[in-house]
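Presented sequentially are two complexes of chain A, the first with chain B as partner and the second with chain C.
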Partner chain A sequence: MTVKRARDLAFSGIVLIAAAIWIFPLYWALTTSLRSENRIVSDAGVIIDELNFSAYLSVLSNSKLPMWYFNSVGTSLIITVIVLVTGMMCAYALSQLRFPGCKLLYLVVVASFMVPVPALYVAQFVLMSDLNLVNTWWGIILPQLIVPVVVIVYKQFFDAIPREMREAVLLDGGGEFTLLFKLYLPLNWGITAALAIITFISAWNNFFWPFLIATSENMMTIPVGITQVNDSFGVAYARMMALALLAAAPVIIGYLVFQKRVTEAVMISAGVKG
Partner chain B sequence: MSIPKRRRRELRASFLMTAPFLFIFIVFFLYPTFSVIALSFTDAPLIGEGQWIGLDNYAKLLNDRLFYTSLWNNLYFVLLTVIPTTVIALLIALAVSRLKGRMQALVLTLFFLPYVLPVSVVTMIWAWMLDFQFGILQPLIAAITGKPVPVFKNPYWVMPMIAVVTIWWTNGFNVLLLIAGLRNIPPDLYEAAALDGATPWQRFWRVTWPLLWPITALVLTLQLILQLKLFDQVYLLSNGGPFNQSYVVLMQMYREAFQLNNGGYASAIAMVLFLFIVIVSVLQFQLLRIGGRK
Partner chain C sequence: MKDAGVHLRGIKKSFGAIDVIRGVDMDIQRGQFAVFVGPSGCGKSTLLRMIAGLEDTSDGQIAIGDRDVTHEDPADRGVAMVFQSYALYPHLSVYENMAFSLRLAKRPKAEVDEKVREAAGILQLVEHLDKKPAQLSGGQRQRVAIGRAIVRAPEVFLFDEPLSNLDAELRVQMRLELARLHKALGATMIYVTHDQVEAMTLADTIFVLQGGYVQQSGAPLDLYDDPSNRFVAGFIGSPSMNFLDATVSGHGDNGVTATLTGQPDISFDIPLVDKPAHGARIALGMRPEHLQVTEGQGLRVTVDVAEELGGVSYQHGTLDGGEPVIFQQTGARHGMHGTIQTVTPDPGRIFVFDAEGDRIR
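Take a look at the complex of A and B:
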């Protein structure tokens, strides 16, 4: 028994070391960001032995990072709310109501998975320019509202709710909207939270589209904005890493806090894609 | 009398509930899908009207050497990422699923964390890791090749290194799916195999591998689709260079549309990618079916 225990312990140790190596780039970014620029180029100790926040202060005061935070938070929140509300209503109709074209609608939503979104960027840009939305929040937001997986996941969860539960609400004179918001949604807060978090994270992380549509620095989101600083700082490793970590902090913290929900959502939405 | 009334209310509710989604879906997704197809038959600039030129853009593509370079680089990148990331993810998933409790949670978090980072954060960190002068990985590279290498400026290193960065970034997703797949394998199958005296090697190939195949196939195809859409990392790390060695299809679409103002030609390029991914998606279902029969 002790031999088995020792082997298990050794195995855990090896896996833990592998995981530590895997996450090392992030740790190294943190170490670098906490040093003075002079020390970074003179010695390369791996241990965090200095807590110098000047890089962070410099980045926060000398770049438009606060502005980009504001744009990222604003656009990602709006995207998340609209995607979830429109997605759950559509899913409810597909799951609980019969109407002409409902099978077709479901098929189109499923088929839309096959379309590679970046292939539409040229046409979407032209559309945004026709609507005078280039370099605006709505220009960033609108094409990102297409998240068909939300509809499909919600539909599956709504399908699983026994239909008898509807009758009580209907007898009380409630309509379909009452049913959705008083019965189906409260029963599915868990999946709603999970979908909200991954929708928010993917909106926050989207690079290509905001990069095309946000043409002035004041409109940029975090992932796009930080690539601009690149050019103006020159050689400044601590500041670059401080910038990278400040940009990543909300998603890292969000992931660590809502870890279970994130992994749940990733699995559920990928299972649907299969 | 009451049934038609109820039916009418149902139809009204259906309309009100699907309308917002449908409106957004039609205007910002279906319409651009059709307009990118239409644009690909015109000589339109990015903004403004163009003339219908039939298949000229596609004929031009067939003679565009840069397009072949892009296609080849996409293919090369797929080779560098899809199977390696699946194998790495499988090894990690097998290891993580043998751990228990807090240890498992901690290790999984560490392997998954890079997946939630924005791409530009990932490229900044790796540009620093691989910095020609002060990068912490340069001594390692020097040990192998004899001298430091500016990897993103070197035609041989650029694609493999972008592949390494990409695998590091996206691997957590695959690990998660494979762990979910491993958890769905009934433990009594392993017990039965152990009773029959199966070695760990046999247990993997006779039990784990066939039962995990649907998820493995899913991971492979999702990766294939994802990696064909390569743009961000290339744009940020090497901008298509050096000598077009990391020039990919979406890079060419971006340059044609947004720098050379050729909206029509860029749309034709987008259509090729479109076609590739639709074909892969359709094959995915077939692959899953074949796997299911085994």
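Take a look at the complex of A and C:
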């Protein structure tokens, strides 16, 4: 056995151990969701020796899961579309148009990175309350539309497009909208897909803001809904885990389908965020 | 196809405090192939971009035909431009690249198809219409860029150093294709290059630019035979004209005697009407093909590099005074490398420039 092969095997072993550590909570959630509530409290084992689907049946029949799904899908999609369209247009203006205050505006966008989102919750809640948007989709959506990383990533990619290509479109009779939607956007479908995926996933996984703003069960998103499955005897672990797995399912499936794009997106945004 | 002349009056362009174009007047007649030539930074590309509308004009007027287009948008000027980098849209096929402007203008589908196929036929691109630019060679990409201009049927074609990204062989081939295209279309074309061979072979009229001014304009051979100043004389012609510094050492009935600064024992009797004062510093210009190898009296040249091109050879050497000199020999295989030769200029073909660089003969 060569040294290189030994090194490869050792590396693979380390990666496998790390992967096992990362996947264990998910696996434990699965085993827990397949046990009866009574058994979980007495025996928190990790071997799947019981296939009890009562937690799933209970969650599907007694909770407002379909409504929470609908709210999650609806709000996440709207957030994704608006964030991408506005972010792209803002980035285009900052990258390609020359107007007074252009550089200052870009600095403001970059500086907004430095404001931790939780610091804004109180002000945002008061604002939503004043606008009568508590317990509405727009109440959930509006504060989540501020995503400076989308603007910054798009701007970097737009900056890289050669000036002559832009001038060719101008000579061909195109204006700014033609430039954006027929040149800059098609040349950046890859990054658009990547940004769409991370924006959707982060909106889907967002817990705290929807938890604050959606107090009515009908307006809750799935992560908030998970908190609603306790019964009068306390925490219902099996049901909670079943619901958590059902909530994560679309994201996990989405990740498996778009694995390459998600990795790309995470790397790009990590690069921007440093 | 429509075409029209281009007329510039008092054109100026400044970037901040830097004046790039300092007052240019020119008339390019309809159907002419005009070439802007000059060294890097002379303002030739800026001038072309101003005609295209891609740069604002600081002062002056640009007219295409009888229309003042100085402040019109690029798309409304009736010009099409071919860029050095081709600037093809990489996400679109060759067909879509060529159809782009027509589709933006919402032309009927049948008309778009007809025009694209016609242009593709002229440029031998028919079998490449479905390919993406990345699948094409440099020459093919350049042809697509030209096709994109042709379908718009512009009044004026603008070319910004379109051949500089191609290899030498392809450049010669594309140069011929451009000349044929100009004959076939008969449109007004303006072409920017720093390569004076391209300028000489393509142009009806050359505009030599330097320092933001047009130094001279005219037919290629007129500029070659009759340059108005030292810059034009040195820029037009390959290899460049030899310049030897000299001093007026005597006046005769029909001219002056000029003595070389580097070699006081060598002087030439040069016919001149407007004679500079005795002692005036002048420069003598001699084209490489006007220096003959002779026996006996003349300029002694130590040949250090011999470029043997087959039909002709260029002998690069230095005079005894240290000035570099190139002379041309027809035929090759002279084996002059490392030898000392004596060359004599044809006195009737010596150009004379005054201290400011203006030609006085």
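By our rule, the second predicted complex is superposed on the first by the 226 of 274 C-alpha atoms of A that agree within 3 Å, B and C clash if a C-alpha of one lies under 4 Å from a C-alpha of the other, contacts with A are read in each partner's own complex, and residues count from 1 in each chain.
Definition applied: a residue touches a chain if its C-beta (ideal position, glycine included) is under 8 Å from a C-beta of that chain, and two chains touch if they have at least 3 such contacts.
Everything numeric here is computed off the predicted structure, so don't read it as measured data.
Engineer: Is A:F11 contacted by the first partner chain B, the second partner chain C, both or neither?
Structural biologist: Only chain B; A:F11 stays clear of chain C.
Engineer: Is A:I201 touching the first partner chain B, the second partner chain C, both, or neither of them?
Structural biologist: first
Engineer: May I ask you to decide whether A:M165 touches chain B, chain C, both, or neither, giving the answer as first, second, both or neither?
Structural biologist: second
Engineer: Please tell me which partner, chain B or chain C, touches more residues of chain A.
Structural biologist: B
Engineer: Determine, under the contact definition given at the top, whether A:L60 touches first (chain B), second (chain C), both, or neither.
Structural biologist: Touch partners of A:L60: none, neither chain B nor chain C.
Engineer: Now for A:P186: first (chain B), second (chain C), both, or neither, which partner does it touch?
Structural biologist: second
Engineer: Output check: A:G174 vs chain B and chain C. Expected answer is one of first, second, both, neither. What do you get?
Structural biologist: Once the two structures are laid over each other on A, A:G174 reaches chain C alone.
Engineer: Return first, second, both or neither, reflecting whether A:V110 touches chain B, chain C, both chains, or no partner chain.
Structural biologist: The answer is neither, since A:V110 touches no partner chain.
Engineer: Answer with first, second, both or neither: which of chain B and chain C does A:L77 touch in the superposed model?
Structural biologist: In the superposition, A:L77 touches no partner, neither chain B nor chain C.
Engineer: State which residues of chain A lie in both footprints, the one left by chain B and the one left by chain C.
Structural biologist: Residues common to the chain A contacts of chain C and of chain B do not exist here, since the sets are disjoint.
Engineer: Taking the complex as given, what residues does chain A use to touch chain B?
Structural biologist: Answer in residue numbers: 11-12, 15-16, 18-20, 22-23, 25-26, 28-29, 32, 40-41, 44, 82, 85-87, 89-90, 92-94, 97-99, 102, 105, 108-109, 112-116, 118-127, 129, 142-143, 145-146, 151, 175-177, 180, 201, 204-205, 207-208, 212, 222-224, 226-227, 230, 237, 240-241, 243-245, 247-248, 251-252, 254-256, 259, 262-263, 266-267, 270-271, 273-274.
Engineer: Within their complex, state which residues of chain B touch chain A.
Structural biologist: Going by the criterion above, the answer is residues 9-11, 13-18, 20-22, 24-25, 27-33, 35-36, 39, 46-47, 92, 95-96, 98-99, 103, 106-114, 116-121, 124-126, 128-129, 131, 133-134, 136, 168, 173, 176-177, 180, 214-215, 218, 222, 225, 228-229, 231-232, 236, 250, 253-254, 257-258, 263, 266-267, 270-271, 273-274, 277-278, 281-282, 288.
Engineer: Name, in rising order, each residue of chain C that touches chain A in their complex.
Structural biologist: My answer: residues 52-54, 73-75, 79-81, 83-85, 87-91, 100-101, 104-105, 148, 152.
Engineer: Applying the document's contact rule, which stretches of chain A touch chain C when the two form their complex?
Structural biologist: Checking each residue of chain A against chain C gives 162, 164-165, 167-174, 178, 183, 186-187.
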